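One chain, chain A, links the two complexes that follow: it is found with chain B in the first and with chain C in the second.
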Partner chain A sequence: MSEVKVVNLTKKFGRFTALDGIDFSFPAGKVTCLLGPSGCGKTTLLRIISGLETPTEGKVFFGDKDVTGLPPRKRNIGMVFQYPVVYRGISVRKNIELPLLKRGLSETERRERVDRVLSLMNLKDYAELDSSQLDNVARQKVSVARAVAYQPDIILFDEPMTNIDANSKIQFKHAFKELTRQLNQVIVYVTHDQTEAMTLADQIALMKDGKIVQCNDPRTLYNVPEDVFGGWFLGNPGMNFVKERCEKKGSTYIIVSRLLKRPLKIDAPKMDAEVTLGIRPEHIWLSDVPGSDAVEAMVKDKTLTIGGQYLYTLEVGGEKIKVKVGHHFGRAIGNTKVWVELPLRHLVIFDGSERRIHGDLSLQ
Partner chain B sequence: MDASSAMGPGDAGFLTRFREKFLFLENPKYLQHLLLVPVLIFFIVWNVIPLLWLVGLSFYKYVLVTGEPLKFIGLTNFKEIFGSFEIWHALSNTFFFVIIGTLSQTVLGIILGFLFWDSKDLPGRRFALTLIFTPMILAPLATGSFFKLIYDPVFGIVNYFLKSIAGVTIDFLGSTAWALPSVLIVDTWMWTPFMMMMTLAALGSVPKAELEAAEVENLSWYRRLVHVVLPHGKFILMLGILLRTIDAFKSMDIIFTMTGGGPGNATELIGITLYRQAFNAFTMGKASALAIIALLIAISFTSIYLYILQKKEESM
Partner chain C sequence: MESRDRKKRIKRRLYHALLWIISLVFFSPILWMLICSFKTKDEILTIPPKWIFTPTLQNYIGLFHRINFTRELINSTFMSLSAVLIAVLVSFLAAYSFSRFKPKGTDLIMFILLSMRMVPAAAVVVPIYLLYAATGWKGTYSGMILFYAMFSIPFSVWILKGFIDGVSPRFDETAIVNGGSRMHIIFKVVLPQVRPGLIAAFIFNIIFVWNEFLFNYIIGGKRTITVPVGLAQGFTVGGGIQWEFVATLTAFYSLPLIIFIFFFQKYLLVGMTFGTVRGEV
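After this line comes the complex of A and B, so read on.
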């Protein structure tokens, strides 16, 4: 199966624009996560791909085939919903077999396929149970197994872990990873949970206000966001942003920042007068002794966060920034005066319209 | 939190004492029972006592108009009822009316319900629904009266069309062959909207995701019905059928206005017989006995439905 492509996709609900002219293609054999806050249009995009929603404008292609006008049942897709769907009154095995019935398979072939997905999703012990006896994780696993068993060209996941309790999520994630490793279909996974996206996706398409802001592998997306939004939305807490002025000196641009000891030189063809410096809290170097390139900062707050890390709120030149450091170091460091240094390879510069500026950075 | 603080220091002592007296109410066990009391009083006064009275009365000979004192006659009333051809006939009419009426209302209601399912964007939906639901909110007496005119062999619109198309006139309410079916049609006209409403409610209780999954997975309409729609909607639907059955069983007003149970006893239902026994003949004892029989039949209907529902629930 080749890619899924959407062209100039727009969807309006009354006066609200849910999708705003999206052009994108989803590659086969990869898990693409649509990530974004509530109301950004990610579920709408998924539902338009499935055919459950029709676009106001634009087209959907499966390979070279225009499927925009086709109903869901004719698109040969599999879909897993937020609400775990099991068909009532029948066993798990029969549940998975149900969509296979209309596909002209022999009984032995059907049995084989069902057995294969049952072991793939670790559901063998549940096979003969009635679907109403299952808990939510098992139900969701059944609906995944069912969507996979009839071998659709595309498998869509619409926040499948919403109704699963925290402990079982790990189990479900594990099954999902195991499964997607063996599939070479187009897989689209919608979520608002960045941890989920980071752990499950091969690539993440970050969405905001009906548009795809950036699409990269999770690591790139996290480390070098192309947009202020990406830096803010990802990470817990998100990036530190500091607005600074940028001046032209000869052929290069210079930024004098309160966070940097020396002026920052940037090799870029054109710069706005006001730029934003961004850096992730865990990328800032923190020290309790002065360093050559470090600036002095005051500790305003210090809290213990997930994984035993310490989160510091510092004040540097009137700006508040957040810094994350490891457990031992964080505990050892004092509560008043510290020194911070921003490593250039983690520093991201955004222009006046909040897009990333590509250019080499160096200190003068 | 503390009402006494707003009342000034003088009132505080009184309020505290007042509160202490009713502290036992904070125990949920007492409170639950106390809250039940008003309903229980109504239930006992209006249901339990009359029912017991009814049972008692059924063993007596009690004629309102003769002024004779009550006379205990044991099971004579029941014997008379079971020996009476008229009452057996009324019962068989009633069963016909209940079964055919409920069945046709259910079938039509389900069809209409499915037609209106998921029709939120349909233009004129509200208007159509209002029109469809109108019969249900009319008074049965009014419905009976104007259907009597509609069916009228001389002035009626049905016969006007019949005559101009087929050249015949049928006295719908005046012939023994046509009267019961004609009455059934009116009842169906009146109560189909109710079953449609129940169908819509039942369909509304089906989770959207399950329907969408069935669509995506290309299940046949039959499997969608059996594995998606019915498991969620059957309870509401069965409740509708149950209500219709009980209601049809005791219906009399609409028929009474149209035919008065006639011609002969062609449309005589148990409800009408009961009315006659009680308020034409004033034989209260016999009427009570008949009412008890009717009640027992209604209860057995209900039990059958509940049994079916429960059985289905267990097998699910």
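After this line comes the complex of A and C, so read on.
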């Protein structure tokens, strides 16, 4: 199976534009996560690919074939929803076998396929149980197994972990990883949970207001967001943003920031007068002694967060920024005065329309 | 500590005794009816009532010797079953459509449907009589069955819509994606999950149709006569009220319904709550 491609896809519900002219392609053999806040259009995009919704404008291609007008049953897709769809009153095996019955497969073939997905999803012990005896995670695994056994060209996941409790999520993620490693299909996974996207995806397509703002592997997306939105949405908490002025001096542009001891030189062809500096809280260097390139900051607040890390809220030249540091160090510095330094390799500059500026940075 | 426990226990016993007494008060007419059906006519009318008597089956034997009784019984059974089955099927399909396709004004339509149940039967009996007389449906089986079905549908739609709303549309979509047709979804995917609702709708309607008197009396005919109408026509035959006949017939006629409801009473409860009380049934 080759890629799934959407061209100029637009979907309107009344006056509300859910999807705004999306051009994108989903490669085969990779897990593509559609990540974004509620209402950004990610589920709508998934439903249009499945055929459950029809686009207002634009086309959907599976390989070279235009499937825009095809009903879902002719698209050869598998879909797993938020809500674990398991038919009551029949065994797990029957549940998985159900869609296969329609395809005129021989009994041995059906058996083989079901057995294979049962072992893939680690469900062998459940095979003969009635579905009402299962917990939520097992039910959702059955839904996944059913979609996979059907051997579709494309498997779509619509927030499949929403109804699974926190402890079982790890179990489900593990099964999902194991499964996708062995599949060679187009896999699209919709979620609003960044941790899920980060751990499961080969590439993440970040969505906002009906558009895909960036698509990269999780690490790149996290470290160098192409858009202010990506920096803000990812991470816990998201990036620190500081608005600064940018001036042209000779052939280069100079930014004088309250967060930097020396002026910042940026090697870019064109700059707006107002730019935004972005840096993730865990990338800022924090120290309790003055350093050559560090600026002084006041501690405003200090809280303990996940993994024993400390989250500091600091005030630097009238700007509030957040800094995350390790447990031991975080506990040691309790006083009100600290020094911060922003390593240039983690600093991201955005222009007036909040897009990233590509250019070499150096301190003067 | 112990005395408090004892107090609690006594309180509980008293409470249970009270419940038993109330239940018996409500059950007493039925008990009276049952007892009377095994008494002779003279024994029934004795004051004070005779509690010790030799039960006789004579009344029941007499019942089956009456001309028409078998026909009435067959009519009652046939018409209530077919009317209710039609009603449940139609309501199920209607409820599915309302629940899934949500046509414009669904809420209003649902309200209008239910309001049909609020119109007193006596108010519509004359218009319906005129309608049936004009169309020639009066006294026909199909006319009666359709009437009863029509009368049963609104409430059943209400019950079933609640149940179908409780079945996630994701079930439908999974089936669509996997290549199932709409009929497959309705009957193979949704129906098994709303079975309690179907049974509840069935029970509510069968109670109504089984006991219905007024319309059968007015728009029915000789051919379509049911047991309740037969009772009304037969209990004064031969001068005076035939109490042993009334008691025997009602006892015999109520029995199937009582047994049926005894076994399916849990569905009666889920039906009354329109499927909003989940619980496994």
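We take it that the second predicted complex is superposed on the first by the 364 of 364 C-alpha atoms of A that agree within 3 Å, B and C clash if a C-alpha of one lies under 4 Å from a C-alpha of the other, contacts with A are read in each partner's own complex, and residues count from 1 in each chain.
One rule holds in what follows: a contact is a pair of C-beta atoms (placed from the backbone, for glycine too) under 8 Å apart; a residue touches a chain by one contact, two chains touch by 3 or more.
Not measured: the values here are computed from a predicted model.
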item: Clash or fit, chain B versus chain C on superposed chain A; value: clash
item: Which of chain B and chain C A:Tyr126 touches, first, second, both or neither; value: neither
item: Residues of chain A contacting chain B in one complex and chain C in the other; value: 50-52, 71-73, 75, 77-79, 81-83, 85, 87-89, 98-99, 102, 132, 143, 146, 150
item: Chain A residues touching chain B - in the complex, by the definition given at the top; value: 50-52, 71-75, 77-79, 81-83, 85, 87-90, 98-99, 101-102, 130, 132, 143, 146-147, 150
item: Interfacial residue positions of chain A with respect to chain C in the complex; value: 50-52, 71-73, 75, 77-79, 81-83, 85, 87-89, 98-99, 102-103, 132, 143, 146, 150
item: Of chain B, residues touching chain A in the complex; value: 207, 209-210, 212-220, 223, 226-228, 231-232, 315-316
item: Residue ranges of chain C in contact with chain A within the complex; value: 168, 170-171, 173-174, 176-180, 189, 192-193, 280
